[in-house]
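Each of the next two complexes has chain A plus one other chain: chain B in the first, chain C in the second.
Up next, the complex of A and B:
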């Protein structure tokens, strides 16, 4: 502020010498920018300490062969951990599982979320309560959600699903082992539907009423209005939801840990990247394989993220423009 | 918290959602998150100092932290710890109780990386010799021999040997067990069947099929994944079928005929007469099913005998006890004694602090005094308790105690004999050469990972999402990879 005042007072004197003003301006601009950034520094330093330092340590271990159960194994081995991980059929399966799990959970929760958003967008008695109840699953800790599903939904003794299928004469089904991947996906859909609903709801509420009225005047029915006006408008919001949902669901761990421990199907049907790394470190105590798998996943994620972020920034530019 | 804030901002409508792309706001949130984290970190540090100070200043109270597994035997000692405090007012015991797989993983990481967060850890006869060999554990023999009141020679020899490395004890047994068969006398009698004291698996399968009804399963067996879960039971059957994990050249044997016969037998027995939902069941689930009368038989750890007797008195009174079934049910060959040998034990990792005080707790927890004290309790943690429930399988004095003999009359001899006759040095047919020790495990450091992978395949075969042949083929590949990377198989 005082800088700005000083500059203003100097203005008349400087008027005759534009060259000198131009020289001073960049440095004071830079200083101002840094002063503005100063409060950000603690957070930035903190971020570097908690994310980049561990990443460098991970990188270091990925080139070694440290299995803590084998004393003396901590040696430099070059890329051997990487080739072990890449040639591990379980790692390749983990890639497929990660894609299947993420894609099905994101798509299903988006479909459900959009439907609920359309319902919630109407005015009715108790809308606030219904909306709060619909948002709640998103606020529950993943591990708690996993436990809830394990005992009250899938469980053999208190599980509601077994009770429902018993009406149709079907005996006990061990959901978490017979249908391991769908069981985990169902939990994820339950958690992430509210998130999708909120994003789509934001889109619905920003719709231009004039356009909708005009459509009504032109004789369009509700379905036509939705397909031709609402949906194109919502597309950006849906894309945003899909993107953010994918970023989070790709990291799923707690639900798998509680429900299946990575098992099911051929024995690894729910081992995604996150769980694969956990297994390498916790079960095998092979920190180097875990680190190498982590580095590979980070590289793959970075490549996808570059495209995804480009799409995301594109979305915002369009959103700012409207 | 940050995630929530962002989603709520979005829910507020288009204006807020636009702000997400707005740089200053993003910075503000980032700064806020950073500040909160910093404050939290500082708070944590301060709390740490405060705690350290209180211990140092008083100079009397020492807190020892112990990682334990969450079986009922361990929960009992948490409830009875008051007695220890009476003896040693200056020591406070802080239990970190976790379920089996988590406790194992946490402790293994803690000890193998020398993080030494715990003053003592609960491990088993699987870990003890391996870790002792690596030099990670404190040798307890000198201190325990010096303390005559502990009476180290009173510890059951097979259990003591399983916790020793080069003749020294590196872990003290909290309780020890083998495996045995439980059956309901009334149900078998109604079907006109009698269970021999030493049954074969063929007999057990035939009886299970006969007594199996939609409401009462013929037999309850473990199906859920985990090397100490479904695989522990499976391994004892593989052994008595004449199968093994590896031959003497470390070539995996999971696709060998006896292994395949054993796996098929187990999976088919569960399908034909096992409890429904077996692929998610473990010891606690079977205990509940059997105790509530929903299973006619149950093959599991001998430690369950005490639990059934006290927790489910009606079923307990009707329970018959038999040795672990033996024999190859497919070929009819008589197999080796198949009971497993297992003990949950307490160790002190090398380099941790407060070792003298920690040892006091270890001695007390595994002492004759603790067993006698707990035997006199009628209620622990609100649950009925008695002599039959004291930690079994650790001391000769337990088995010569008249109180225990009376309360555990129906089963104590089977437990003791099973422990004494378990063959951890060579678990399968004596004619089959094997390069490893352990009954329901392979005493190698890489086994936990392999065992867990193979147990996943077993669960899949029990759930029916894979055939036994597929499950064994996958297991064979995994076993080969394990011994190859360990440098055992060229």
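Up next, the complex of A and C:
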């Protein structure tokens, strides 16, 4: 793997600096390196400051005890906030909820998005209109989505879902509280299906027609062609969709805030990490617990992210191989 | 899907009718699915044109006389937060300022990682991606405290600073992948002609890159305009469009028509932008397939 990286690294560098230009004085060489680096600097420095400062301060607060309602409570307490958070059953439930919610929303929207991408990759009448309709859910403000589903879809008495189940003789259902987690997941799937569809569609449109035609000549049927040619090509796009989708969906907040306020089930069935931290800070005014929860969430996310990045650098090699 | 020109003519003729019927079947399925997914948005817009009394009926009705009452009600009602005109104004400012900052820093950075790459460009690229994976939500406490100390609470600039950080990594990745699509011969011939960096940038790269920049800008606008968590925490009484809309949650959905009118107005700019630039959206989101 490191070999592949090294060659890839050399290629562009050699292109920019032919051997003849390398024999210059060291100072002008250094200047050239800096000229090359200059355009990168604003973005790099900005990202370092914006990401590292808040997280260092989070770490600082997580070792202190600070309740904004208790004067003089801001002092060093070591790991006590961490043990409070880790022994809080609600926090542990939030971890489970976050995983359940993210995984089911990401997987379902990818399945639906891939199917739709395959469907609209054909030529048919009104394809442009269909695509326009399909991408719209992704463009709607998530808070508006939450309100929209709360009132017109899940709403009691006058909601569409109640109207539909009434055909089957089923009475009113309080969807967002009885089926809290599925209700939120359904909204997330609705929202993220277009995102997945667009990524897979880009993959389908970049497929080489020659390979597909060759398969047709060789007598492969549609299913065989898909399994042996389309899918390996699409895999990269699907993995990218899963990764980007997870990054965003794991931080879901607006939809929960509107639809369930973290409730359902035993009272916290839809409290994910984001909503848990919100509750700690907003309702309990306990900044230290919020900070400690934040540190734990960051560590957990980074562990998962390391695996995800590995996966992605695997993707890189595939991209360079072709 | 896989059947293209290469198929044997004779076989195609025999299977023609079946193929034709199957084609129409899948087209119908596609239309039905698209309609189901689009329906909630359609219903929101329809409800926005209803009188409040028509908005909740059992069963839901399409038999009503369209009215603009709720739209004018929403636009003219300025509560203590300044109502919807103020919210849209804040959203517009935050989105435009964020977009300018993201592009101003993102495009040069992408250039330094693609066209004339710096040493260890791969590490830098992965640093950007790693920052995208940080759950910023987890850092709300210190962000809140820092914003308070800097006197930036309830100020749109605090959102601009944060949103720039959220969107910059993705922008660098996207612009970089678009830059890699530019044929190398084109850049080399420009260099042989003696073009300096500036000419190379403005005459060669920028014109080809414009659709890519449009795609990046669109993604950035969507995520900025729609962000809620930080807007809620940091600009409570002076909020952007999503914060304004969240105020309707307290009404327990009693004012469906008014809510729908407000939501329609708030979502309109991003929906319009997305519809206009949907081709770019397809290319942009795939990050150039990780080149």
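Following the convention adopted for this analysis, the second predicted complex is superposed on the first by the 274 of 322 C-alpha atoms of A that agree within 3 Å, B and C clash if a C-alpha of one lies under 4 Å from a C-alpha of the other, contacts with A are read in each partner's own complex, and residues count from 1 in each chain.
Following the convention adopted for this analysis, a contact is a pair of C-beta atoms (placed from the backbone, for glycine too) under 8 Å apart; a residue touches a chain by one contact, two chains touch by 3 or more.
Computed from a predicted model, the values in this text were never measured in an experiment.
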{"item": "Which superposed partner A:172 touches (first chain B, second chain C, both, neither)", "value": "first"}
{"item": "Touched partner set for A:269, first chain B, second chain C, both or neither", "value": "first"}
{"item": "Chain B versus chain C as contact partner of A:279, first or second or both or neither", "value": "first"}
{"item": "Chain B versus chain C, judged by how many residues of chain A each one touches", "value": "C"}
{"item": "Partner chain in contact with A:227 - chain B first, chain C second, else both or neither", "value": "neither"}
{"item": "Which of chain B and chain C A:199 touches, first, second, both or neither", "value": "both"}
{"item": "Touching partner for A:44 - first (chain B), second (chain C), both, neither", "value": "both"}
{"item": "Partner chain in contact with A:294 - chain B first, chain C second, else both or neither", "value": "second"}
{"item": "Partner chain in contact with A:308 - chain B first, chain C second, else both or neither", "value": "second"}
{"item": "Doubly contacted residues of chain A, that is, touched by chain B and again by chain C", "value": "39-40, 42-44, 46-47, 50, 135, 138-139, 157, 195, 198-199, 201-203, 205-206, 237, 281, 313, 316, 319"}
{"item": "Interfacial residue positions of chain A with respect to chain B in the complex", "value": "39-40, 42-44, 46-47, 50, 68-71, 84, 88-90, 135, 138-139, 156-157, 171-174, 176-178, 180, 195, 198-199, 201-203, 205-206, 237, 248, 261-269, 279, 281-286, 313, 316, 319-320"}
{"item": "Contacting residues of chain B [partner chain A, same complex]", "value": "3-4, 7-8, 10-14, 16-18, 20-21, 27, 30-31, 33-35, 37-38, 101, 105, 108-109, 112-113, 130, 134-135, 223-226, 276-281, 285, 288, 445-446, 448-449, 452-453, 456-457, 459-460, 462-466, 470-471, 474, 477, 481, 485-486"}
{"item": "Contact set on chain C toward chain A in their complex", "value": "1-7, 23, 26-27, 29-31, 33-35, 37-38, 40-41, 43-44, 47, 56-60, 104-106, 108-109, 111-114, 116-122, 124, 126-146, 161-162, 164-165, 168-169, 172, 184, 222, 225-226, 228-229, 232-233, 241-243, 245-246, 248-249, 253, 256, 259-260, 263, 266-267, 270-271, 273-275, 278, 281-283, 285-287, 289-291"}
{"item": "Of all residues in chain A, those that touch chain C in their complex", "value": "5, 8-9, 12-13, 15-16, 33, 36-40, 42-44, 46-47, 50-51, 53-55, 57-58, 60-61, 116, 118-122, 124-126, 130-153, 155, 157-158, 160, 163, 190, 193-195, 198-199, 201-203, 205-206, 209, 212-217, 220-222, 225-226, 230, 236-237, 240, 244, 247, 250-251, 253-254, 257-258, 273-274, 277-278, 281, 287, 290-291, 293-295, 297-298, 301-302, 305, 308-309, 312-313, 315-316, 319"}
